[in-house]
């Protein structure tokens, strides 16, 4: 299937929409980005590429990287992971600390901040140099040795990160953090400040469209069962408290970041990355959400 | 594909499992059922049938019927429905009243009790005889004029229904219920006490596997888009606070009821109904969950 | 001590204040009252009287009556009462249903609606005609056989009472209501619609200023210990989520109602009733709060 | 009035009670104390002294010191304080983080940890050397230059203080902390680790029984109005979620600490300190609560 016409049609339809969203500014470094950027890249499992707009420009993938750290931990730890966190949707951001206190320091899932911080804590137990292991892993599955993080963004996040510090101290109080708090947060902010282009992001997530097989190394990143389970987690927990709305409109598992990126996976077919920095009220890219809704409708590509 | 060998294999594997679950007893009438019942029926979109165990015995489908009342309301009201309720997972049962108060009487989704009660209220505005319209609709999409409800179960639910009365009064206080409270609850308990066999339940849900087309009348029950959206809602909200776990293990949209039934849909392929009355701690059929997990793994049939 | 000069001074100071408060209108019948009414009556334990303004006009004492039903139940049931409810402040109205669900149907204290409803349920177990017993008791301690309730207000409350219905059904679901729900609510709305003048209200509460002794019959209403405990409950729980602020500013145990009345007790000295229908955001009389703050400061009469 | 007979009678009655309480052990250093210690000291405003048991032994006054830091801040900042925190009871410990998130970083009152941390933050803005100012102030109002803190306890609290770190980071995220987090916590733990004997504690709080006047320097610590307001805050918020129960049973404003101390104030008469390290489930001294209940009943000394 040639996806280019649909990409172009939907992109042009949305490009000049009045965009009521706002660029994330609680992380000062993210506020500098040009809010009008808009790019799309789709990669099929047989390595066809369709793209438009600012698809070759780097942006901060932010929370999207949580799927990658989870993948790295899951392939080693298996279902032991779920002793440290759940796999249920969390309801609302309103609930973030509420639920964490109610659940005695066990995060609802690995996609919310608390859960992703626990995944970082687990990786620190597994590796003596977790940053290096993580970036090596990401470079490997993306087939791209140039992928890196932004020290300026990582620093900026740390300065603004009092809510995350509140979360990790609460989990430590409940005994669900093993390593030094500052070191775990340092690793977490490293993770959040990884940068990719739409092309790179789309390629990096292609293994989840191909049942766990890395399309570049041809090696298995995850078993088929685990790959499906990562998709299931994205479907239910990947879009904060807009997971239901995203599933309802788009019908694909996906993950967003406050940098304005969204990646979505159509198993057995493609992985697609969209980037537009202005966020809606739920913290997801306004144009990214619109694009994916219209694109999946236009192409009839949804898992439901 | 011949599903019978997989059904038999998994059924026999699980049948004699020690089942730690407990039959729902807060509805007195449900406590009378034989807890050892266990049946399965799978119907494909080309009308092939595979079954085993107590698949021809009637049981109370309970909350599974919420999908049918939602379908009836959705095809008339379109997306106006979502002014009265959300489409997001609710987090936990702990949150039932908490979230409803926080959200000023707007239920999180149509699969939790509060949301299903609002759907009943909407149907009462649409029809002068909503019970008759509902049962006629269900008989139509199931291709079975014999389907009915149990007056004894409906009465038993009403007697035990103080938590539902609490929910509806709270919504009424917030202005989200239009009709007489007792009449809405009466209709809601009618809905919950519909009875089907596994065969009937599997057939009734087949339209969601066939993109909205009724396999018996060949008429369209829902547009393709709406059919997909109902599946998305089931996926995210259909299993109470076990939706994540069910998606993770089974990889299909599904809906459970406290009568011990679960129905799941594999779009473009099949609809499957399982029944075993003993429930796990989250209120879902213990053996039903196990069966569907192993069956989808065995057959490699999952949307992810 | 001659309290008249202080009453006059503070009354005149506040009378013409711009009053940003609003008359309660969720109970339709209460919305008809003249919002500019303002009256004060103070009775000392040696039966001296000081008054000003609309002190001889009847108004709906509403939640103030909860202290009287509690007193009636407490002198019979002793500390068995506290198996059915707590004696702790409830935090916020936001929490009303939240805490009741968290505490499994046990209200925080007898001054919030849920607690007062449980007290009504208890009185219904104690008396075959609880309404008659209650009004007889109130007439006795007030030394006034004319005190009565307003059928119109009681009916109006019932119509508007969906939140109370939600509370009682939730408590019934947890097993903390013994009698028929409609009958308990009927009695509760009877209680809430009792009417008094400032003079009558002040006299009725005088037994709490005189360590439990009724100043008219000279009989003991409560033991000294129980009388002090009722005062302690008023101090901590009597002003909804403004209990801290009221204690802080006024320094007396007191109880308010949404009819605009507030009664406060200075043990060993006096009981004072103020009435002004416009309520502040917390649901307490705006001018009543102001008057009591300034009056207790002016006269140096506070328990702290 | 000679309080010695009542003190002896109640002390002897309770001394050998089976005490089901447990010494606080979440602060390791506190776990070392002899759990059977039990002392009482009462000081009247005319400097009469009545004591028994281990009343001359130092213990960690812990949260009791929050009243002293609040007093120091209140006399300088006046009612500006209440822009940074409330004066309402907080409901439950369960709610600690819940309410703080709901209230956007504004603690309910200055007696819960979050509020006391904000008071520390305020004192750091007021003084270049807040520790010295605080201890000088405390020595002054106690008439005792030897009062000091325990570095070992302060260090022990810091190590165990992840929940407090969670609270302060959350408040910082909401903009309600001005100073460096580690420095504020350092000062807070200094405050919490002040040590006194029952005699010293009773004398230190005597100004609150004498309407704000220091009985030793004869200087005014607080205005009469402010002194009464501190008492009101203690009454409503001083005993965590047992404030209602304490008021109900004891009828005096008081403050407890997890070191097992409780101080209570009978305005115009006396200040009393009790110490017994075993805590009940709410975190208040088991024997201390019992003693004060029986002592105030025995002597008829209560504000209600």
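Which chain is which? They are A, B, C and D, in the order written, and residues in each are numbered from 1.
As a convention for this text, a residue touches a chain if its C-beta (ideal position, glycine included) is under 8 Å from a C-beta of that chain, and two chains touch if they have at least 3 such contacts.
It should be emphasised that the depicted structure is a prediction, and the values quoted were computed from it without experimental measurement.
Novice: As a test of understanding: of all chains, whose mean C-alpha position lies farthest from that of chain D?
Specialist: Taking each chain's C-alpha mean as its centre, the farthest from chain D is B.
Novice: For the pairs A-D and C-D, output the one whose chains share more C-beta pairs in contact.
Specialist: Higher contact count goes to C-D.
Novice: How many angstrom lie between the CA centroids of chain A and chain D, rounded to a whole number?
Specialist: Taking the average C-alpha coordinate of chain A and of chain D, the gap between them is 47 Å.
Novice: Distance from the CA centroid of chain C to that of chain D, rounded to the nearest Å?
Specialist: 32
Novice: Where in chain A do residues touch at least two different other chains?
Specialist: Chain A, residues with two or more chain partners: 94.
Novice: Which residues of chain C touch chain B once you look at their complex with the stated criterion?
Specialist: Of all residues in chain C, those touching chain B are 94, 96-98, 101, 162-163, 165-167, 169-170, 172-173.
Novice: If you look only at chain C, which of its residues touch chain D in the complex?
Specialist: Contacts found on chain C: 86-92, 94-95, 99, 102, 108-109, 224-225, 227-229, 231-233, 235-237, 241-245, 247-249, 251, 253, 267, 297, 300, 302-304.
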